[in-house]
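As structure tokens, here come the structures.
Shared between the two complexes below is chain A, which pairs with chain B and chain C, respectively.
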Partner chain A sequence: MTPMDTFISLSIGLTGFKRGALAPDDDTHDIKSLYLKTFAERVTQATVDDILLWYRLIDKRVLGNTPDREERVVTVLFADKPEYELPCRKLLFLWYAGAWPTVVDTPASTHGQTFSEVISAESYTQGLVWRVMQSHPMGSTTYNYGYWANPPPPLSAYLENPV
Partner chain B sequence: MSIVTPTGGFDVVIVGSGIAGSIVAYQIGKTGKKVLILEGGPPVPKSREEYLQTFFTSNAKTPESPYPPTIQGAVPATDDNPLGQPNPSSLNTPRYTVLQINAWQNPNVSYFVYDAPKQGIAPDSPELTFAFGSSYERVAGGTTWHWLGTSLNNLPNDFQLKTKYGQGVDWPGGVQFYQNLVPYYRKATEVIGVSADKQAMVDLYKTFDVEPSGVYGDNYGFPMPAIVESMNDVLYAQKVTTLKIDNIPLFVTPTPQGRNSRPGNRRQCAGNTNCIPICPIQAKYDGSVTLAQALQTGNVQIQYKTVASNIRLSGDRVSGIDYITYDSQTGPPTGTGTVSAKLYVLAAHAIETPKLLLMSKNNPGWKNGVANSSGQVGRNLMDHVMYLAWGLAKDPIYAFRGPLSTSGIEAARDGAFRSQRAAYRIEIGNEGWNWATNDPNTTLSDFVFGQNNTQLNGDSLNQQNQPLRFDPTLPAFSKLFGTRLVNTLNAIYVRQLRLGYLIEQLPDPDNRVQLSSLRDHLGLPRPAVTYRIREDYVRNAFVSAKQVSTQIFNALGAKEYTQLPGPVQTSGDTATASLFEYKGDRFAFYGAGHIIGTYRMGSNPRDSVLNARQQSWDHSNLYMVGSGVFPSTATANPTLTIAALALQAADNILHDLV
Partner chain C sequence: MTYRYRRSLMLSASAALIALGGCADSGVKPEPHDKLTRADIRSQAALPSLSWQIPLDVDVTQGNPNLQDLQDDFDLLSWQTFVAVNWPAGTNGNPNTGTTIGANLPTVWESWKESREVFLPGGAAPPAWGTDSPPPEVCKGMGDGTLNLTQVGKTPNVLDESAEPFETGPLIDQNGQYVRFAIMMNQDMFDRIVSDQLYSKAGQAAFNKPADFAQKQTPSNVGAIMIKSSWKVMGGNDDTSRFHTIKALVYTNPGEHEGVSASCKLQTMGLVGLHIVHKTKHAPQWVWSTFEHVDNAPSLGEPQSKPSYNFFKKNCTACLANEPPPRPWNPNASYTQPTQVVREIPLTDATQKLNAQYQALLRSANANSVWANYELISTQWPTKANNPIDPSGTPAPVFLANATLETYIQGKTSQGSSSCMGCHNNATMTNGMTSDFTYLLQRAQ
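Up next is the complex of A and B:
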């Protein structure tokens, strides 16, 4: 497994999206490469290497090739290596928002808040958050006039298809 | 390019190339008269993709985010300036932005300069001061780059508020002003290219006792059929008919909108859900459409990056306008000059226009500024102050799709209640909690990092004491990932509802724009702004809006998530910008983006700046256009009225030029 393969498996477990959405065969945007690079820049290459190493080690222990396999690996990863949960959650946020988060612990009443920095125009429009709402990025739609009067395609279509 | 003075000179010089200035320029230019426009900002970019890219990469996607000068990342971020907002004094054409609202006490961030709030004022005192809630652009095409597109007429009673209800002021001539404006309203829908259902508007106006012919005139048809309504709209339309506000039955009206329901001169709306800050395909009208038409007459010239700095008088007539030019936003001035014409039009919106008049104080006998014998220039600053309410529908309505708003509840825009409290229209949002809570990011953060800023993921109760945790099977402050995260986020986003109440504000002479001692990079004074919401009339409408929201969400079977804001801090560096208390409750208000009333029309030169022709009482060859001429906010979003009044002013100007 290449580091990118492991990164995608980790990302599937975190985001709940399918391989076809995160790393399609014909990947014109190749947003995954930008995110792997951004992840390393933000949390250090050594941390990323270690997270991916642990993911592979746990992956060997986890039994059963079920659809939730990646999620089960992530569950064990968070249990075995709790120090890696926050960096992984920041990666999760990156996939959804196309932006790198800064998490602060105030106000205490809401258990803190999150600020974020958009990585690029493409990361904004490729954000999974628009897919999870069965919509399109605000300011960048491929739908046509009047689509909003009818329900969108089912959620599963958005989870499986290229972003 | 330098100014090429035509043989015989210019007939008209216009300051500002937004919708109002461009309409006047086009109407006059197409008759063969020679027009010069001074535009303080840069030209329309060769492709709007330039503005769009800036929007995509902006961290805070505010109405101003796509437009120059850059307002985020302009300087290195610091703890007290995390978005890297520029110092307004470092810019040649700074403007007020909504990011500046909470920094209102810091003149290194806020372009408007505010006095420190007085010590010891109670949170429910009418004397409490606020940050103004609305912003504008200083680019060719003007603020309609970021307007919503709502193209409603005002109602006849909006023009006779004093006569009919004893509140505020009448427009000059009262209801006759409305009658005179009807043909211009009709023409304005053609200029903007409005998509609407005429029958729905006729039905609406009947409830206000206006005959169909009194709305648009006889034989009228909108340029395009109505924009398709959202699933959201249909739900409200089904459910609100059981409700009344002050005995007025509620119903939903599809909103007339300045966006294409069919391909035509502009593209057909594709529902990018981004009318504000920018329509990526120009399906929505903006001032650059009419500006291009004006320039194509061959009789209209425009000078960009040319800031009007002084109005010269000769006797009682305007004899010239001084200007300063620049190349780059933070660079030095590159030149100065004076332009002259037979007649002058100020169309620089309701902050920069009064500022220019007040700056022009060196003419003998006019030390209070040009056109200011009444002392009214800069006064009566208004907005539609907005109350926001939000909730979650029982079933999916698929928010974040279509134009930002496609329908409204218009029934409470007029009625006997108006002797006691302000009228409002209720805008139905299609953009989920994007405005209300800065979603999708806030809900996302809550469930990824275990926070509760949306009230969906903790132990919050709403103001009716209902528990708000979205999934009672999850513990408070849950951190989710994978399939559980997907299903939770999806179930929330597709149910998000938002209502916005556009509450009319009354003219208050102490709400005003003055000149600050602080200056911009060209050396021109920055606006000093004082803003309050003093009247029980207006504050009562917040009480009503809050009650009505709860009734509407109940009728929908929705759960209300409107947050109680606060607490109010009334003094010091951290004084809250837009919170107040009233009748034991606490409210946040938002700006509607409607900057109104700083050079108002009137029927008496002692208490108004302009006559009913939008002509200065003091200087017969000076006109002003835009929402600054409005004597009151009235109840419609202002742009259609701005356009109608600009068309009317152009006829008055052509009459004078003959």
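Up next is the complex of A and C:
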């Protein structure tokens, strides 16, 4: 597995989206490369290398090629290496929001606040949150005129297909 | 159906030889692109011969193609189509199969129907294919014996538009003259508009469903094709031998700009831009090919290698790039400040390679071929034509602009920069129903 292959498997386990949505064969946006780069810049390359290494090692131990395989690998990863959970949660935020989160701990009852920085115009439109909503980002849509008169495609279509 | 799953049964002979040559030791036949890119393979193989036949669809000759392989195949389709539609026309407007492309002769597409001939006042039915339409009243008596057009038995082409999409502004050449535009359609598209009566508002209302130009393709029925062209007035220091030129009635439409009066001139015009849009079996979002004259403008960040440009002044520190002229816009003005055009997305290396190959092939057929002075900018095509969550087909490349046709909306800003399929995905008829990626049907009266 290349680092990108591992990164995508990890991301599938984190997000619940299929490979066809995160890394389609004909990947016109290639947002995954921006996200891997951002991940390394924000949590350090060494940490990313370690996370991906541990993911690959655990992947070899996990049996069965069931649809939830990546999710099971992630579950074991966090059990074995709990220190990787926070950076992976930030990566999860990045995939969904197209933004990198900074969590600031405060004594308030909410135990902190999350500030986020949108990485790029494209990361904004490629955020997975829009697909979970079966919708589109404000100011950008691939639907055609009059789409609002029809029900959206099923959620499964959004989980499997690129936009 | 994606192109990934559409396999050609046969590799080209040269590609197969290359692939087999590379696997003689292992006995395992690797996919060609494991070793060589599609562009590499093509650079070692002969291009298809120049032909008047419009290809029906892309030919994916490589197993397991990646995105670049497919882009290369679509770029090849674009060039084949460019050659075919620019093939010299015979007296009936069909390709003259007894000659080859090269000389500055009337082309096949120049005998197609102009939009103004199809969407008539009062929603009248357009004259049958092959029947001339009279020019605008103000153009009558301006001349009807143009070199190009008498040969195809047609009244002179009328260039009746000077505005770019979304009223972003006119394009002004280095001689201070407005660039003019025309939109043409082939007979397969025209016939569908007529049979479905989409040429009038009333007809569209009666049709009462989304327009659909899909049709069974045969060698004699290539499917719907639209061509949008841009032309500059030949003048100043322009070298007409470098352009495909026509004599055209340049009509200033008073409806385009407020306060502008109708006028008409018979002028020699040089082709500077060409969109070719083809609805193929595997591209319901159409295939969008765009070409420009090689002297139009430099690309951002690249050397200004030409002695001069059609739409760019070298060493001009005061010129603002890609800024439209200030209003009011008046195509009748004798001189308007030229537009300083820069191509914001440079051509890819693969497309440049293919351009060089095709330009050499065209020069081998005719050393003075004007067509060797044109270049493919890129081809936009649907990577996932039947994507249930993206009716635009998830286009590649994401953005595409012709510097003469979308001068002011170049770039890579979502919903703001030019994307043929992304924009035309929103096109509708006059009744609000989708119009199958063409805004032409909005012109119905």
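Assorted remarks:
Basically, the second predicted complex is superposed on the first by the 158 of 163 C-alpha atoms of A that agree within 3 Å, B and C clash if a C-alpha of one lies under 4 Å from a C-alpha of the other, contacts with A are read in each partner's own complex, and residues count from 1 in each chain.
Going forward, contacts are C-beta pairs under 8 Å (C-beta built on N, C-alpha and C of every residue); 3 or more make two chains touch, one makes a residue touch a chain.
Keep in mind that what you see is a predicted model, and the values were worked out from it rather than measured.
When the two structures are aligned on the shared chain, A:53 is found in touch with neither chain B nor chain C. Contacts of A:161 after superposition on the shared chain: chain C is touched, whereas chain B is not. In the superposition on chain A, A:68 contacts chain B only, with no contact to chain C. Within the superposed three-chain model, A:146 lies in touch with chain B and with chain C [touch as defined at top]. In the overlay built on the shared chain, the residue A:110 is in contact with chain B alone; chain C does not reach it. Partner contacting the larger number of chain A residues, of chain B and chain C: B.
By the touch criterion defined above, A:29 reaches chain C but does not reach chain B. Of the two partner chains placed by superposition, only chain B is touched by A:118; chain C is not.
By the touch criterion defined above, A:92 reaches chain B but does not reach chain C. By the document's definition of touching, of the two partners only chain B reaches A:135; chain C does not. Shared contact residues of chain A with chain B and chain C: 121, 125, 139-141, 143-146, 152.
Per the touch definition, chain C reaches chain A in the complex via residues 2-4, 66-67, 70, 383-384, 387-392, 394-398, 412-415, 422, 425-428, 432-434.
Per the touch definition, chain B reaches chain A in the complex via residues 52-53, 55-59, 61, 82, 228-231, 261, 268-274, 278, 280, 396, 398-403, 406, 430-432, 434, 440-442, 444-445, 448-453, 458, 477, 479, 481-487, 489-490, 493-494. Remark: chain A residues 24-29, 121-122, 125, 131, 139-146, 152-153, 157-158, 161-163 touch chain C in the complex. Listed in rising order, the residues of chain A touching chain B in the complex are 13-17, 68, 70-71, 74, 88-89, 92-93, 96-97, 99, 101, 103, 109-118, 120-121, 124-125, 129-130, 132-136, 138-141, 143-152, 155, 159.
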